[in-house]
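Sharing a structure here in structure tokens format.
First chain written, first letter: the chains are A, B, C, D, E, F, G and H, and each begins at residue 1.
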């Protein structure tokens, strides 16, 4: 029956709440975080500009601002346990999205390993780390412009890949459309896609997969 | 080193090869299947029209044609083991894509359960089966037209969902664009997306996730 | 004959005039409102930024500014009579559009009931209110991102639904295109659509329908 | 509770079932209609080609095929009662969509009046009938190419208009996109829009509105 | 031979030069105008913001700034002679484009008559002036949103119409795309189209047509 | 008043009626032409396939079929009088559209001169005829692929140009979109545009302009 | 002066003429080829279907039909001389485009080396041949779906790459748009792009570059 | 083997490094340039706004800022040697892109000749310089709006052309889409295309081609 829905995961104490900061004022975000903290929740807010962060941390100095990921968080536990998510990223311009993914996964308690600036036009950079990426339960693969990285990576690893197109580029990039279409048309199997710049969503999916891979350990 | 790539998963005997039939002639497909069978491989070919299937099965009568899924297969083992993939499908017009996913997963050895014709405009149909869908390790969620099903399902289940937009619809559907954009913009967490009508790709991702969820059992 | 057009609804005294504020200066809007008020008209102006509102209310302090709806109004009568319009809204980011609809309907004299933040990813929120929504003569259904709410609602209520896509979202949302296409492709019957972010237009349609439903009472 | 959904309008005996024929074989449609007829339902099937109709009527000679509307129906009652829906149509090429709307409304029991070939490039044709169109409870307004008719009509009538863009045209028409965008951007109030070529959907909405306008008479 | 090109119309003294101001700095525009004036040319500069105009007129106080048309001009002769161009415009938001057209035509020496705010949703406004519009040699017809005005006007007048879509609107307007597609698909004959917001280009075409219509007077 | 509309050009005897053949059956077209001929009208029907033409001419052997232009006509008078329209065409694949324009203009009584296969990649071909094109009152300029011809021609002639994009091309041509956008963005003044492949519409505009240029002679 | 254009490459005897066969009838192509052959020209015709080829070769049995490239040719000389063009191709479905390029280059007298089925999802296939590709003066790089191959190749070779997107794929491929946008956004330097499926154009560019690289040898 | 990739061209001392400035802060760019200079590299940074340039040159006054090209460079050698690249540009608004190309080529050591403001609407401007353009090894051809210049130029020169669409224009230009599609559909052979506004990429390709044309001289 429907009563099950009431026992929704996010309502259980101790699991971090995640707030989407875009389109909310610094005051609104502050109010939400204060309310959550007071009820004992850990908190992550994404898409927080530097101006908003300054306001929020002035009110709650025990929060942490990650400037690249544009996140504000109040998290007391460290990610721990077996396995890890690989966060793989093509160029330095894609870092904000990659870090949004990394911080989200860590906030949700899962260890990540970062493999940044390994775009396909300099293949040796990716190949230098390929064994460690293969060791991950699941990869989040972030790329803008032509979005080719998930196709190359998909041919090299056997575990699932969550591809994140970014809006990095100009001209015929059309704000991430080129990377999005590339990833949806990937000739490599084992690649699924989330929205442009949606580092959070990719990490969330990866965390669900990681949880499945390691649920045997705890049950 | 790169030598690892040579030992690619699909080249290992006993794991089915999957052939994309679109744009290949019946003769070409027949030749490929014969060659694979003779080397002891199990085989699945997708996107096979009735005309092509007639030709192929005339040559190799021990193959099976699934008319809805439009697949030809030579598979000797049954899917078995713990866990299952839920194949959830909005309308009867989406059946070919859903069945392509189902047959792919079964061919790769993973049990599936089918939940068909449970589109969001008649919510009770989905809710009637929700507990069994929740029990799946991962769901493949197939929908055309407005593609709303993954968003609704995503709010009801905790495991990952692979969403497949279909090209079913007309007018402002633009051959599946409406469903694709819907799924990429899903407000539910835990949803990732594959290409329009890509039942195979969704199943492949789901199989990788299922394998992770149950690898403890065999290792 | 054409002379009928001269007796256009809006020219009749006492029925509120509605001004589209976008692309007009605060001075222009002030002049229009002053002229209408002096002729005894009630007035509603939509798409009024906070800056413009400050200017306008400085000139005419008896006006009301609704910050969420971004409307300025001079209305002396309360909505009254039988029946009501349900204003149903998926997320808190959609509130400005929902409130533009609500204020428009109320200004035109029709009672509304608000059902906000009932998006499809948390279905229990919608189901908790479904009987009251079913009681409305007509619903205005506002949603951004994947725009799935009208499809779900359309399967649950029997009266007409005016769907309003909003531009809320990012990436493959393309400024509301994803929600617009979803709604146009709705698999639920009884759903028609207005322009992206057009809360006013949806309410205007709903008011016409409500008037038809209750004209028996007055005639 | 949810049990209400089981008593869905269409399941109640005597109210016609409506089948979407596109993508179904003549055999499938025949089976569905036979099953519905045997349970006492009236039936309407839309998007039926001449070939399919020939097959179906061969099996069930008491059905009626409307060649323009491309519908097959088994309806025993005549539309009757107060009020009517105006079906207004720009060009002769739009007739199949207009007739799909007209037949749908009549099948659902509501009288319609047809105003065909009254496109805006010959305004006198529309103006000759404007008083009778104004008398309708609601209009379905069908136009292809530039889709300007709902804007002109919307300025002349006070009741709601359901606009249906058609795919008629070529070149920069993009299969109905030009008419669709026109109608969504209509500068006339009181216009809402359904999918390209969706005569059925427009009529369904109009019937719901007509029912509201006349429910007083029966309740 | 090619030598004819050297005797290009614009190089002949006394005919106004027209400068496209967008993307040029106030300094650059000032330099160009000074140079042209010093050689005895009349000058028109379009797309001049208020800031740029302030700078330019500070340097050359004998220039005229038209705030609505966003033009700066130095023209000593009045438009004169037989015939006129009708500038017809749907809404007040379209005024900048209509005025750019009007000022361009007048600068090139052709009389214009303005028919503003005669959009199709209030047809009586257009019909009140239709005889005078019919009297024009050619009409420039400016409209945003659904861009329906040229289709209606085209059915009422026999001379050519140059249609100008404007970027006025929001949502599914897509910056003028809806009006552009409407006008290209006009069911009225005698309508041709220029770029979105290109009042200058429409007027230039109209001036060429007017010149043909009246060249008999001078030859 | 509106009565003027009744005296519409097409209703006056002797002026050819123009029928749009696309989407009409050969029987329907035959009926329309017979009816018009019997009332003394000259007739032109466009977009007539070879199959339809065979049927129609079998019924009325005194009609003429122009295979390239895909027109059927019954015209007894020759184009005559001063001036001419230049029909300028880039490639041989654009001929059907160019000929539709030429036949339309001739049917409406205006002499044309044809300048075919003068695309911009072989500039000498255009330059060889430029003086004669300059002598035309107005040019219809037909081009597919990149649609550059109107821009080049616009810089070489002083009279108006009606540009017709064609759907000739493949790939990033998108059925004529590339040529359409090119022509709308032409950097040459004096160019206006009609719909993709609309040879009829271009000629109709050109005839209106030619009539203005020569009305002095007859009035 | 312009007289130079008359001495255009194609007019010089012995250099092959290239005919674009799409949209031409078998009769037309036969006539063109006969005329060219009779004047001593070598000839290549592209985009020739099997049906057309059968007709043409029946008339001129000394022609050669390449079924994959879909070309008909009459060429008497072999490609020879220093250097070569690498034709690199992602998947077997891209073969027709790759072969159109290869045949075009060979017809124009330049040696080619083929590297087929070396798509990025199986990187070892490309790397196995990389030294030989590096040895080419210029590469033509053909790929459909996500079009990632030029980016990977561009990072591995130093000479120019002409990228050809193909229309191979389905769904969000949009007939080659995904590959086209990918290639235009390539993060590798040294990559330029031609139209979707334009193997001819890519080869033509490559031949020009090869000629520059080796002109020293003959001058 | 892969070790070759480590000896990447740009890593070799003395060859300029090229930095893409967009999306990097002035501080980041300063740090990168300082690090490269200290290792003896020549440096070019593109897409540098005036504000960023002021900051950077304050730190390193021996750098050069090119305001039009928006580049900052530290280059000690002059371009020299045989041959040259022609930089051909349609309008003055395209100058930033043309200059980005010119500066890039010069920085990479190749002489360029500039042919600016030679758009197709004033053909004599291009023809006046055509012999000198023909003398170039390769041309970079920059144009916005309708992007017709490469097609015209391609018919006049025999060497390769790298076409660069620019985002200059408005309305149906769609930020450079019109010019991009034009260039991809060019009817002239020998034209390949890079991304919108990608002056750098065009020059890079041209430099590779120039190098091939003159490598004989140095080897």
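We take it that contacts are C-beta pairs under 8 Å (C-beta built on N, C-alpha and C of every residue); 3 or more make two chains touch, one makes a residue touch a chain.
Here the structure is a predicted model, which is why all the values come from computation and not from measurement.
Chains that count as touching both chain B and chain F, per the definition above, are D, G.
By the document's definition of touch, common neighbours of chain E and chain G comprise F, H.
Chain pair with the larger contact count among B-G and A-G is A-G, by C-beta pairs in contact. Comparing the CA-atom centres of all chains against that of chain A, the greatest distance is found for F. Once the centre of each chain is set as its mean CA position, chain A and chain C turn out to be 37 Å apart. If you average the Cα atoms of chain E and of chain F, the two centres end up 26 Å apart. In chain B, the residues that reach two or more other chains under the touch definition are 2, 5, 122-123, 127, 155-156, 171-173, 177, 180, 184-185, 189, 195-196.
Working note: touching chain pairs come out as A-B, A-C, A-G, A-H, B-C, B-D, B-G, C-D, C-E, D-E, D-F, E-F, E-H, F-G, F-H, G-H. Looking at the complex, you find that chain D touches chain B at residues 2, 5-6, 8, 22-23, 165, 167, 175-177, 180, 195-198. The residues of chain B lying in touch with chain D in their complex are 93, 122-124, 127, 168, 170-173. Listed in rising order, the residues of chain E touching chain F in the complex are 2, 5, 9, 127, 137-138, 155-156, 158-160, 162, 180, 184-185, 189-196, 201-202, 204-205, 208-209, 212-213, 215-217. Residues 90-91, 119-123, 145-148, 151-152, 154-156, 169, 171-174, 177-189 of chain H are the ones touching chain F in the complex.
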